[in-house]
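Chain IDs A, B, C and D follow the sequence of writing; residue 1 opens each chain.
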């Protein structure tokens, strides 16, 4: 960074109050490097919870609605520079719109919106405002993922031939949504709040984003077979897809929330004509790399990574594990830098997931669901 | 075994002479337990190679053609009990037919035949003779695979929901078939010798067989996208498939001969409503097993396996690695026991891959190729 | 916690300015949960560096000496609640003494002091003041380490028979201390600043602490063979030790800074009469556990851990890796809770490494060096 | 090999009858390559067992005593070329002596003899006869071990600084020797049959041999702490040792038969000034290798190994696991080749463990036990 922040940025949050672990995750990640501080929130639709959650976090300002917050913060002399949106999916777009219109930068959880149409509207709105938008595809913040992307970009893998990506969990293998106290399972399996997909929407989008982020290529069409294995459930809890990429590479994407024993197993393998690589989110500091005809190498964060973004995203010497918080913090770091550049009249640099990736994710969801309803016919992502 | 062999069985081999590593593999595996001895061979279509190869192995009898061998051995007072066929694919059926007609039991390399029609003819022929036939789906001989099968069979996994199988190699990532001295690559990529598929035929069939062997279920239909990545090649060197099983389980099968860095990476994961398991051929003595809500367990050959077939197929105490030879030897052991039972007037027990699995394999090849030519439409395996 | 903080605690730091990564580590870890904020520092003995470092971190108050800082903060109406000491070893005790005398709580990097005598003096001083002291044995903060400790404590392992601990790095395998710009290597290999040991002092103490923390037992005597492999170096860069524990368990401790290819490989294995367990710092969210006669189990942070401290120290759902920062933050969390208890007139709970562990570490260093000079005779740790 | 065998070698075995798994292991390994056949045996001291065991294996000649066998086979026109000794330790030397005197080559299980004195006598006897002797340090037959040895020999590791070797099992963690039907546990824990050590004698010798085989160096002295953890047992069931090598390298050797959960965990790590490597017997086809400043590489049998002995000892393409049988078969292969050279008047080549390694092993046992009785003082291996 050529210039530095002269004060910590001020952040607000919508959603994420007590009981929603994702709020604490974003608070920790956004404040981790000491470049920003959470100072305002509309942390819950329940006023008592909102107030109490804000007090727990020592927030100076607490609001009971995001609409009120957007207006008030925009008018406040020390108002927030950016808002973090951690609500259920169906609220993403309206919250984002309110803050965009108020001129406040936005970090939003994925998926971007309730459906593709809403996402496109948001894209339209954003194009009319000088506001930055980031999307929490947190996995792209790992240094080893940056290194993978850099290797592909500089041609070390040659022509990409095959991409295998998977994202498996098991937390919905029982009908948790039938327990009244499981809010998380409740809204994620509810079409009114989650949209047209549960599994693909929640984690399939992460997997697809990772493919496109590392390869720099786009998924051109999918042939998808979505399933609902747990009785009584409306939305998909599992999906298998064939992928075709614009460059001619082929592959599979498989995701599941009912894969017994799996925690949060996001894994990608990319095979090129000159080399291949493999990365797993659960051991994020290792990148397996194999140049043709040579042994597999174990590239390690803090030790053997050499791309600028990988180095910039590493805070500790090798062998000191960095994890999910630091990955998300890396995305925040770039987002904050862009805010700083914008505020000082310089052009933003990007390099973190934003509106484009958000729209791509919604297109993936739409294409996968459409393909599946057509008995796994190929459907283009346009 | 209630009764025991009173002499070692006598074996012959067709194909497998010098330069074809698969011949030595079958010799070692079939003789490993001291229950059989290779005594005759038509080891090469090149007479000099055939003679020299037989001499290297100290074989009493060497032939220049399999037809001659079948007739002569059937007439010999100490003729062979069984023949091992290790020729390229296009010869499997004619060699097998010759020996079946001569009343000699047959162990054949997979795939069973050149195409599905030929396989069905062979099945028809076999039904008319009192001859046993085994197919070298060698991976089903590993004790950990037996244990996996037993766990599914006794319901430990509950309802199978998802099956992921993959078989990745990289040995054809360069156009080796253009080198005149690479016979192996030459015939495998030659439609006149390999049939309508290279990758699916050679290793996709192993993967599909493993799915059906462990689950006891059948693949009902496939949606396949076959690719040929190496320029100048006619047949597929990579494939991705969606699977549907008769029971309602879903899954993917992906195989490749151009996956840079992969050696012989056959791996299967099965997710059920009660538990899941995972096995990899390259670490064959470990079976990962996870009952719902409990930790992953590492079941180990010689230590924690408990099913009868797993125990019967284990020759060493835990921690003494057993590998590919011993796996194939386990299939031979059951095949030899059936020969003994047959020779002593008792009913054969089966329990090793045979004609049925061979026909299933050819059906898989046919369905995958058909599906791919129809732009990955679902095709039934009947 | 029965009562909660009503404001974030105020922290100061001595040492840790620009170029010393350990300062940023402590800042991030101590602030991670939003319960404390760094507000003052004497970050470097170089006044310009001290000032600039404080500005980078937006610290309200910067000092040029720790003595000045101790006095000023004690007198300040919003003075710091606790100080973090991240200087080289030879300054630990004098800095700590200054703040103890000023009535300010202390978190100190390990080893506690320059030598055992100094450590004992500090222990004496501390006993005369109502000040809390914590020591940054950061590895004990991992949830999986807590789980291990709990398993031993509740008898799941039976009688402990064998303990194998190792801590291997390679960062000193070349004579980095001969490069003038490597301050870290410079002071760690300098007897005037590091004390009588480099490798044992820096990382052997961590390994020994981990043994005693998990087992709840004490190392009674060591038989140590220290080595200096890199020419021109005075202090040890490698050590191998036999261990005897008070309970009768035996074991080895091996540590190295010249073990080519090793990053920060702290690993412990504990074998009991009923079960055993294994943990590695580089994959900190997994705890391997094996009850006698059963398979190895993979216990995972956020999934299968059940001890209260392990659960309390977990911030994310399973499969979202937590690492070094979060481990150290767990120690801070307990330390801060004790500060809060003390400030509200309640008794402190402990549960984090402190003066006792610091003195034990110095005793280990002294015993190991003495043993080695006596050609690896047994030396008691008293 | 410049010349080839004109017939399979004829082998005999002493010990190894029914119930002793080690007999079948040697039969399979020695016959694996089709270069030798077991034709005679004195398989048990129990005549009925001896006869039945020989019949099970279709052996033409069965004896009731090894003395009778040695004499008869020496006189037989088609007498055995070599004998395999698989008895308990206390018989090794007398059996070996009988066959040496009869001019028959000997493959003996380790340890070589009951004690060091007996080993030295045997060495003296052997020097007076033109008989070859091999010792079953089976682990040195793995291709990855050969590769490791070759890397050290050609200087790729630079100066060896640190060697860590361990061999852990748990099969004696309960007092199995008190069960009358456990012959194996019975004689191994019986000083009258096993000698002065159980654990060090049985597996510590393997570990020490592996160190010396790979490094080409010798262990000059040990500082050993032997333990007997299971009540009622006389001999050691666990040991920890500090090692010093003649070259100046240091290290540890730890072995156990009571390490809960361990199967047959032989593992070695060697750290040099230029590179390091690691190998584990339970995953024998992988060799981890790390040149200084570069990533860890995964060298794999059949793929990346390049030393002549590693290549010669590999029977399968990469990814087809080879295991314990093939490792032992590699030692037999070299031993048989030497027999062939000797029989055709050519000088033997060696390259497999023999009398020298056997004496070294007995010296290690003697030194370790002596050191331990002197409270872990350094004892030289001469």
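Observations
What we mean here is this: a residue touches a chain if its C-beta (ideal position, glycine included) is under 8 Å from a C-beta of that chain, and two chains touch if they have at least 3 such contacts.
For clarity, every value in this text was computed on a predicted model and none was experimentally measured.
A count of contacting C-beta pairs for C-D and for B-C identifies C-D as the more extensively joined pair.
Per-chain CA centroids place chain A at a distance of 34 Å from chain C. The centroid of the Cα atoms in chain C and the matching centroid in chain D are 44 Å apart. Here the spacing of chain B and chain C, counted between their Cα centres, is 55 Å. Listed for chain C are residues 262, 296, 300, 303, each touching two or more other chains. Taken as a graph of touching chains, this assembly is complete, with every chain in contact with every other.
Within the complex, the chain C residues that touch chain D are 161-162, 164, 166, 170, 173-174, 223, 225, 227, 229, 238, 240-244, 250-252, 254, 256, 258-262, 271-276, 290, 292, 296, 375-378.
Within the complex, the chain A residues that touch chain C are 4, 7-8, 21, 24-25, 27-28, 31-34, 56-58, 169, 171, 262-265, 281-285, 300, 302-303, 315-326. Residue ranges of chain B in contact with chain C, taken from their complex: 289, 294-300, 303-304.
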